[in-house]
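Listed next: structures, encoded as structure tokens.
Each of the next two complexes has subunit A plus one more chain, namely subunit B in the first and subunit C in the second.
Right after this comes the complex of A and B.
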């Protein structure tokens, strides 16, 4: 399955690389546009000094972690965006069901946007800035937490993209719904979770767990306590939250596919 | 046991009712009313392995819906389907491994990739052994003349080329059954003929069972011994094509272009049903009159510039059956 995935994705990337100049321009575009996104935050913080007790370098850590995860999810999961919408509108989803592979796998391999590495690069730069400013003691557990958090965040954002796409089974053409979840979640997670009201904090930790893409991990790395009593070890709950959320997204997707098959067009 | 067994197959859709008036759309959003549409209302037929059958009917008769249930894409609302011992929608993956599907209007190929790369990917998807893949690719390339455009991205192919590529793609994994939904729609005569020739070849030489839907009776005449005709979701005829035509499509039309627009061609063996300037339409009964005899008669009496014989169209035959009632089946 992994080999087939790589084969199918490889073909996508090769076809995108046929337009080499446009590929690099788009990659650069993602770097600059998302760079502006962080610049906005930096300007705001430059004016107000800090948000919820978090200075610019610390917010950069939050932003970098979640942006890194989000960029990977966008690179891998954008098959669920416009390619999937096109399938629904053109009726090509029938063709998906006529192939001996799962629908999820086929939609996942419908696109692979290597150019999103532009955002990944931006996130890496922001993280590098954060690490240069904050004196973090790099113990092995802290080092390990970094990839664990990014991968968890990646799965959480991917799950969000899948959930948003699943709504297309009933509405056919609203990929905008996806953006409410994904971009909304990503924007929200760019600031420390502690500044939000209690119910919002609960939502973003236990219902739509985008909070786990950075906040508990950032606390752990900074050696800082959450003002609302979130324990330090909760940083290690991120993979669990991601797995549960992704599992739920997968079930929701399968439910969508089954209603498609019983209603059809 | 037959390869395809369909018994009392049903599929109904519920559609929201559109309300009239300015506030209709808004009210429709708040509280929807649904109507149930029976797209397929109790279809039964069986098909033996190796057959080539046409599944016909006018627009909206339920053809595509039936095809989608046979291919495992849609779940039936009632009735029973078995294809080669599998229930398509329940054992979808195992089922689709053994079938090939071509939907006339849309391609199954990777839009941005060269045709040959799509084939390569399908080799991986269906896990086709390399030797078998090479053999099939070579055979289909020759039969369908794919060579000139194997390296062209699918999006740049003409409709005819794309259809040929899609047919090859649907057959690379040696399916036992090929499902075709309007395989010749929008194609010119040459492309159409090439595809027909290919289909009868793979049916004859490889024993692939073929079931196709079409609007075009000439596809069916050229290819299918067996015809299942449906309308309003029900089977209205199931049997040989010849019987269908002689029983329900008796009337053919001779279209004559006369050199002299002023005269009306009147002959005993046909009725003049229409005339526009030099062109006249003569309707005749295929059981009583042969086209050859009628042409000879007309040509002997009138200065003729051109002639064509029009076969009854499937739509006309279906209409004919309905006008005379379903009892004639």
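Right after this comes the complex of A and C.
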């Protein structure tokens, strides 16, 4: 399966490299677009000083963690965006169901956007800035928490992409919904979770657990206390939240597939 | 210019009507815009926890600004709203459009205006209403609304001319998604969509004032919210008109250049 995944993804990457100028422009574009996300935060904090008691370097840590995870999910999961939408509109999803491979696997391999490394690079730069400004004592548990958090965040964002795409089974075409989930989650998580009202904090921890992509981990790394009493050790619950959420997304997807009614002729 | 006014009006009317038929699409659009408007407001509420004014703007100013720009997304206020021109270039359909007995530019302009008129009157207005009801976004004064009308028409002209040029790069690059992405970056950030330009550092403000993007979003938004004095409104409208004329001329020149080297794909 992994062999097959790599073969299919390799073909995607090679075909994208045919439009070489466009590829590099887009990679640069993603670096810039996402760079402007952080520039926006920097401009706001330059004017206001801090948000919810968090300064620029600390918000950079939040932003870098969530943006890094999001970039990986976008690179891997974009098959669920326009390629899947095209399948739905053209009725080509019929063909997917007829092949001896899972629908999830086939849609997943319908695209792989290497150019999203532009965002990965930008997130890494923001993280480097954050770590250079904040004196974090790098104990083994803190070092371990970094990849654990990023991988959990990646799974959570991938699950969001899948959930957004699943709505296509009923609406045929709604890529904008994916944006609400993914970009909305990412934008929400770019600021400390503590600034939101209680019900929103609950939603982003326990319903759509994007909050786990960075906030508890940042508390843990910075040795900060949450004003609403969220314990820092909850950072270690991120993989659990991610696994449960991804499992739920998969089930929702399977339910969507089972209700599929073709548009094709 | 053409004298086939009736024809272009019919194209615009059809485009308006077509936009009305995608009900679930524009409902989803309104929900999306309102969701992001709300998120921005929560952040502003936290930033303004100390009260007062920052860069001359109060919390209510910032919130009203955010809802206005969210409402302008569907008329091209944040990024290029696809008009289908570059797809028609990639598919080769463009040759049919070019051989029709009318102006290629005005045809697409009419299509875009029809759709955007609908987007402004329905999508934009409903999005703003959410801001008014739930976040206390300010209702514009009648005089400001009156000044907003020419401002938004000019904004749509500038926005269309810019996206026309970006789309036309497909004649040379075949795939214009990279250029589109970079253009969107500039549009989102330098138009005053993402933040009020007043929040920018001085050097960035000077850059924004020297570029056309503010004419698309920042200026009409400020007029809508009554943030400009009458003399400033006049200057803003003149700036918009100048950019509309300049970018339209550039777009037409680009079209002429494209015609000299047209290679049609597909068959």
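One rule holds for everything that comes next: the second predicted complex is superposed on the first by the 260 of 265 C-alpha atoms of A that agree within 3 Å, B and C clash if a C-alpha of one lies under 4 Å from a C-alpha of the other, contacts with A are read in each partner's own complex, and residues count from 1 in each chain.
Here, a residue touches a chain if its C-beta (ideal position, glycine included) is under 8 Å from a C-beta of that chain, and two chains touch if they have at least 3 such contacts.
The model shown is predicted, which means the values in this text are computed figures rather than measured ones.
With both structures placed on the common chain, the touch criterion links A:15 to subunit B but leaves subunit C unconnected. Touched residues of subunit A, counted separately for subunit B and subunit C, are more numerous for C. By the touch criterion stated above, A:7 is placed in contact with subunit B alone, subunit C being left untouched.
Once the two complexes are overlaid on the shared chain, A:26 sits against subunit C while remaining clear of subunit B. By the touch criterion stated above, A:55 is placed in contact with neither subunit B nor subunit C.
In the superposition on chain A, contact is made by A:36 with subunit C only, not with subunit B.
In the superposition on chain A, contact of A:91 is made with subunit B only, not with subunit C.
Legend: residue contacts after superposition of the two complexes on their common chain; A:191 is shown touching subunit C, with no touch to subunit B. With both structures placed on the common chain, the touch criterion links A:200 to subunit C but leaves subunit B unconnected. Shared contact residues of subunit A, touching subunit B in one structure and subunit C in the other, are absent. By the touch criterion stated above, subunit C contacts subunit A in their complex at residues 24-25, 28-29, 31-32, 35-36, 39, 42-43, 45-49, 54-55, 173-179, 181-182, 184-185, 188-189, 194-195, 199-201, 204.
Chain contact summary for the complex, subunit B toward subunit A: residues 11, 13-14, 65, 68, 71-75, 77, 89, 92-94, 96-97, 99, 101, 103, 106, 108, 110, 112-113, 117, 120-121, 124-126, 153.
Against subunit B, the residues of subunit A that register as touching in their complex are 4, 7-8, 11, 14-15, 90-92, 94-95, 97-102, 258, 261-264. Across the complex, subunit C is touched by residues 19, 21-26, 28-30, 32-33, 36, 39-40, 43-44, 46-48, 51-52, 171, 173-174, 176-177, 179-180, 183-184, 187-188, 191, 195-197, 200 of subunit A.
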